[in-house]
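Since the structure comes first, as structure tokens, the remarks are kept for the end.
As written, the chains take the letters A, B, C, D and E, and residue 1 is the first residue of each chain.
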Amino acid sequence: MLRLENVHASYDKSEALRGIDLSVTPGEVVCLIGRNGVGKTSTMRAIVQDQITVTQGRVSFEDSDLVGLRPYQIVRRGVGYVPEDRRVFQSLSVLENLRVPSAKAAGRRQWSLDDVFALFPQLYEYRRRTAGVMSGGEQQMLSIARSLLTNPRLLLLDEPHEGLAPKVAEEVVGAIIELKAEGVAMLVSEQALHTIRRCADRVYVVDRGQTVWDGTVEEFYAHPEITEKYLMVQ
Amino acid sequence: AEDGPIKVGFVGGLTGACAALVEDELNAVRMGVDELNAAGGILGRQVELVVRDSQTKPDEGAKQSRELIVGEDIDLLTGVCSSSVMLAMTAVSKELKVPFYSAIGSTQKANVEAYQPYFWQVQANATMEAVAAAEYVAKKPEWRRIVPMGFDYEWGHSSVDAFTTHLKKLRPEIEITDPIFPKVGEANMAPYITAALAKQPDAIFAAVFGGGLASLIKQGQGYGMFERSNLVTLLTVDALQSMGDAMPKERVFGVARAPFFAIEDSEDARAFIAHYRSKYGEYPTDWSINGYDGLMFYAAAAEAAGSVEPDALMKAVHEITFDGLRGNALKVRAFDGQMNAPSYVGEVSFEDGYDFAIMKNVEVYAGEALMWPEETIQAARDAAK
Amino acid sequence: MILVQLVNGLMEGMMLFLIASGLTLIFGVSRIINFAHGSLYMLGAFLTWQLVPLLAPGTVAGFFGAVLLSAVLVAVIGTIFEMLILRRIYGADTLMQLIITIALVFILRDAVRTIWGPNSLSVPMPDAMMGALVIGDNFFPIFPFVIFGAGLVVVLAMILVIHFTRAGILLRAATDDRGMASLLGVNEKLVFTLVFAAGCFLAGLAGGMAAPYGDVNYLLDTTVIVSAFIVCVIGGLGNLYGALAGAMVVGVTKAMGVMFFPRLAMVLIFLIMAAVLVARSLGRQAGPAR
Amino acid sequence: MMARLARAEMPRLRQMLFVAGAVAALEAVNRLTGVSGSLLVAEIIIMMVFASSLNLLMSFGHMVSFGHAAYFGLGSYGFALAITRFDVPAEAALVFGPLLAGIGGLVFGALCVRLTEIYFAMLTLACAQITYTVLFQWYDFTGGDTGLTGFMTPRFGLSEANFASAAMVLALVCLYVLWRVVHSPLGLAIRSVGQDRYRAEALGLSPRRVQLVAFVISAFFAGVAGTLFAVFHGNAFPDYAGLGFTLDALIMVVLGGLNSFLGGVWGALVYTLLKNFVPLMTAHWELILGLILLAIVLVMPHGLAGGVKRLAGMLGWGALR
Amino acid sequence: MTQLRSDLILTARGLRKTYGQFVALNDVNFDLRGGEKHALIGPNGAGKSTFISCVAGQLPGVEGAVLFRGRDIGSLRPHQLAHRGIGRTFQISRTFLQMTVLENMTAAYVIAADSWTSLRRRVLARQQDKAANMLRIIGLSQRAHERVLDLPLGERKRLEFGMALAGDPDLLLLDEPTAGMSIKERHHLMDFVAERIDATGKTLLFVEHDIDVVLKIASRVTVMVRGGILVEGTPAEIAANKEVQAVYLGEAH
């Protein structure tokens, strides 16, 4: 459903992506891994046309070209995006944050407030809190919940575990599994795979703005030299 | 050019604060030029009007005047409205020695400190108007306490000063409180009205105009100003017209420059009013009448001088006696270029046949009595040096 | 008299708030300094003058109908302008947007002068709003209370919209993080257009409401824009409650100034503005977050 | 720019040729189009100095002033008041205009540089309005709203054409000084603070001090323009410190093109021409002027200098920055 | 003990910084010896940048004391610190984007020499020569006349580093100098930095996420977590530390 072919993209003049190839099929969870600053976030931004400009290559979703569309149009086609810095609306309450998403997006499943509260019961508890004062983990949940309300068929999750306590991270993994069961495809960026190996199907390794390796999770673990070469040495 | 047309340079504030006044003046001047030309022109030469927009800015006024004088070779400069533009233009007239008169702008500064021999003004200057108001107020013995009010700038201050000084002279026992000076063009007069009424005056003399005046009258009604006091202010025909129904039915007294309803007993004036109405579909305002009178006075002076050459013309300007719409025997005093133009003070009243208030019992004050004597002016000029 | 002046000040304050609310609204969301705000106010006043005689003159309903209709017309004009011109240069330097709105000032001034002439006009006050409440020696005219009421309605409506409707939520979300709103499927350009329209509506509304209280002339634009700036700056640009507070401060100061420093009337407000700005600068400011 | 200078003498020669050509063209217009032409040329030149002074602030210091006319007005009044109130001979009074403007810049600037961005701009507006009000109301000293007139022969009695030439010489000096400022260590400091005050601060520069220096220099040259204007007309009015002149200068600089030394010059040229000729063609000059402004901004969102540069690039010229 | 103190170039005692209710730095005590190449690592949001900003005088409302060569610098403004010998770079690189590379560097020298009030061409030329020389050292001579805006991020970072060197600072603070660079670029830049530091005997304090680089360059490492210091030690000690692996290196999330 999503396909990137030889995508180059840049911020103003500085090039961040130098050849990204990847695809996501319906219902699949694909993991994008690589260390800091290699271009995982930029890849996601290139998909939703946020901040970054695609200078070369093709980005298509369900056979229609996304380059040149405005972000809200892409989201309405069924691509949800949870940015790495979460970007909750600081001065709005949780409930208000959840009312921002446009319901016009046409996904298979129509998410309601009750659905997301069922997924993240803590949010219901804190629904009247100002989003800005919540902890990072809570903000992360809010950000995911908010995206779900755009009824995505494909969800882009940028480092969903970043800064989360292990327990919370576990909950997010749980949520991803649940979403996968709902049939939502996902592209998840990670620095290291261990957090979501339970739910990921395939892996792309990104380095210096390029996809340098891809394969199934099993293959990834079968090739420790990939980790040696492209990920953090531990 | 001795045989070409006589060129009248009209540099007026067609845009900016003066636009409404200048439009009326220009209408009448256009009409006057047509009439003159139909009757063979001045000294047998056609009159050509060259119009420029000063945007009511002194630098623009000066620049346009200079351009018309050197570029268009105009014989006469006029059209000015605001005091500052007038002072800027009179300086140009002085430098380039081109006759210049004012029919709207009326600061006495142009007669006193800034006087120059090529200048005259054909309406009562601001000081004369204030003196006329004082004369009128002095005749109301039941008014014992007066609050003067004026816009906080030269015109407001000098009007209040002249009014106060003259009234004190006429009625030493009358109580005149400290003046109140709202900022120019203030749209919210409520605080000033409150302050004025707190002094429990029998009358308020207000040297304000335009938006500020409209606000004073409209907002004053809410404070019972016209039950508790009287208002004496500058009320030209355009102000009466724009107030419409909102004008209080009584206790407003207006000082005017050339209200058409006060000059209707003259044949010429009636004809002019009729002609103007048929041409522009509205009554001529004070600005139209003075503008027309000004042009006709120039024509008379030029005929008398037999030339429009500046020095000869100025000699005639200072010598001739002119019968105009506002009455007979109008003369320009050589000492300060001031015409002995009358001032009109009356009581606002709604009369049949008009869809706006006019004034009744209008008293006409002849110019001579209102003008500062030459000694006073000389003293002021010396003091300014 | 102090009491009356205080009331005068509060009344003027609310008028100023009406004037400034639209400016601050637009700035808050789109960072555009709308120099044409005063011109739109003026347009609202002239349209009201035109409409009042057509809609049951002299009646309260006729008056409010005319004011609302004028405000809507002004909003329509603003929207067209935003969609045709302003929207094209959202990417350029904000100063270019400023120049664009200055150009609009020129255009509207000429349009108004051409259509209605340079003379000042008078909008009749509905009969029911004339007169005053007389308490002892003190007169409290009714009309300012009407304006005050209208201002209150606007404040309440804005609070209601901003805090309790989805439109308000979107508006605040776009103010917080415009890009993220777009990433949630919100057409943020449309939000901008609507906010601009709302700002213009408020400008027109203020112009219409104030029309019967003074005269309507084609020089209102400059005086109004300067007051609106002052109010917004004192209250903090883009801050609705700040604008309300700023308006009250300016209104009351002006009224009190008449009693205590009559000669300072013209500068007083600017002195306050300068003082507020300088006070804002005291204390050490933080460097960049990173 | 500086680098270009250092790199080779060629562009420098070209720059000098360009300046010589521009001066020759203006002088030709001045001499050949009669008095009206000379008046126009003089006005354009004065506005070039005024706009360039603001340009120093805006393009290089990245400080937006909404009250630059204050210093223009102070320039006019410094000069006029020295003559009328202190009996300074007119020729000697010339220095007092820029001086007063500079002092005004120092006082107001010290307040303004404490703020940044929109609040900086708003404080400059407040300062300018205070200046305007003082000039407008201090009747005994400044002549109030009726201003100061008749204190000198306009243009010191020079003919219009000669005055325009003299103004041109003075303007060249001013522009040269401004150019030198921009291309000096000080200019580098001003630009540094303008582009990234935190970086400049971390390198050891006090941003406020640099901004204040820029502000004073800018005010000084606005004062030169104001003084010239007072000499040109032989008068001084509070309007010269008013919103109108502020907006004019702002429009000139933005229209001319930010981030370019000649932005103010181009803007002054084009906008003054428009303001002069459009009203001659139609009574609806405000409408037409507004539409032309819209058109220019839409067609050239980076200003005239940007457009000119692009054009020069197409013609294979460089170095007209 | 006294001897040990005298070779301390930077000392922080009880540093505390809060944003509203959020505690970004919580009672941080930190010592930096002259001549060290000290790395600061830790998870996102640990307070590393905040700490650097405190030392560089960029933050108001910091509690506690910062001593630079034994003197309290807590109240000094960044530009004063620069003249006392503290140079820095920013996490999000800050350069004068609209100016050329040479102009950027010249500006740094002009400011360092405190000759910014000058109008003289000669002064400019002198600093320009120095700047050109530094550009050669950092390998940007080829780019001298390009606008920084047109430079790739790596070169901007390199330029920023060169600018920080212009003031010949005794202590250099680098906040994530290699963020956003390719691996080769990173090592290249940091090797160069280390070499400059060793050659001049200066002190370096840097924040870095790339653990390879840290292990290779740093002489000592401090790990920060949630506003406090977790542990300090040699690179080898840090790499072996279980706790560090847990919170930062991420073995067991």
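Here is the rule we use: a contact is a pair of C-beta atoms (placed from the backbone, for glycine too) under 8 Å apart; a residue touches a chain by one contact, two chains touch by 3 or more.
All figures in this text were calculated on a predicted structure; none of them were measured in a lab.
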Chain B reached from chain A - shortest hop count over touching chains: 2
Most remote chain, CA-based centroid, reference being chain A: B
Between chain D and chain E, centroid-to-centroid distance (C-alpha), Å: 42
Cα-centroid distance, chain B relative to chain E, in whole angstrom: 74
Rounded Å distance, chain C centre to chain D centre (Cα mean): 32
Separation of chain A from chain C, taking each centre as the mean of its C-alpha atoms, in whole Å: 43
Touching two or more other chains - residues of chain A: none
For chain D, residues contacting two or more additional chains: 136-137, 198, 201, 285-286
Multi-partner residues of chain C (at least 2 other chains): 109, 113, 263, 266, 287-288
List of chain C residues in touch with chain D within their complex: 33, 85, 88-89, 92-93, 95-96, 98-100, 102-107, 109-111, 113-114, 222, 226, 229-230, 233, 237, 263, 266-267, 270-271, 273-274, 277-278, 280-282, 287-288
Chain A to chain C touching residues, read off their complex: 48, 50-51, 70-72, 75-76, 81, 83, 87, 89-92, 96-97, 99-102, 104-105, 146-147, 149-150
Of chain D, residues touching chain B in the complex: 34-36, 39, 43, 136-137, 139, 144-147, 149-150, 153-154, 160, 229, 233-235, 237-240, 244, 279, 283, 285-286
Residues on chain A engaged by chain E in the complex (per definition of touch): 12-15, 35-37, 133, 136, 161-163, 166, 169, 191-192, 194-195, 207-208, 232-234
Contact set on chain D toward chain C in their complex: 58, 64, 111, 114-115, 118-119, 122-123, 125-127, 129-130, 133-134, 136-137, 198, 201, 243, 247, 250-251, 254-255, 258, 284-287, 289-291, 293-294, 297-298, 301-302
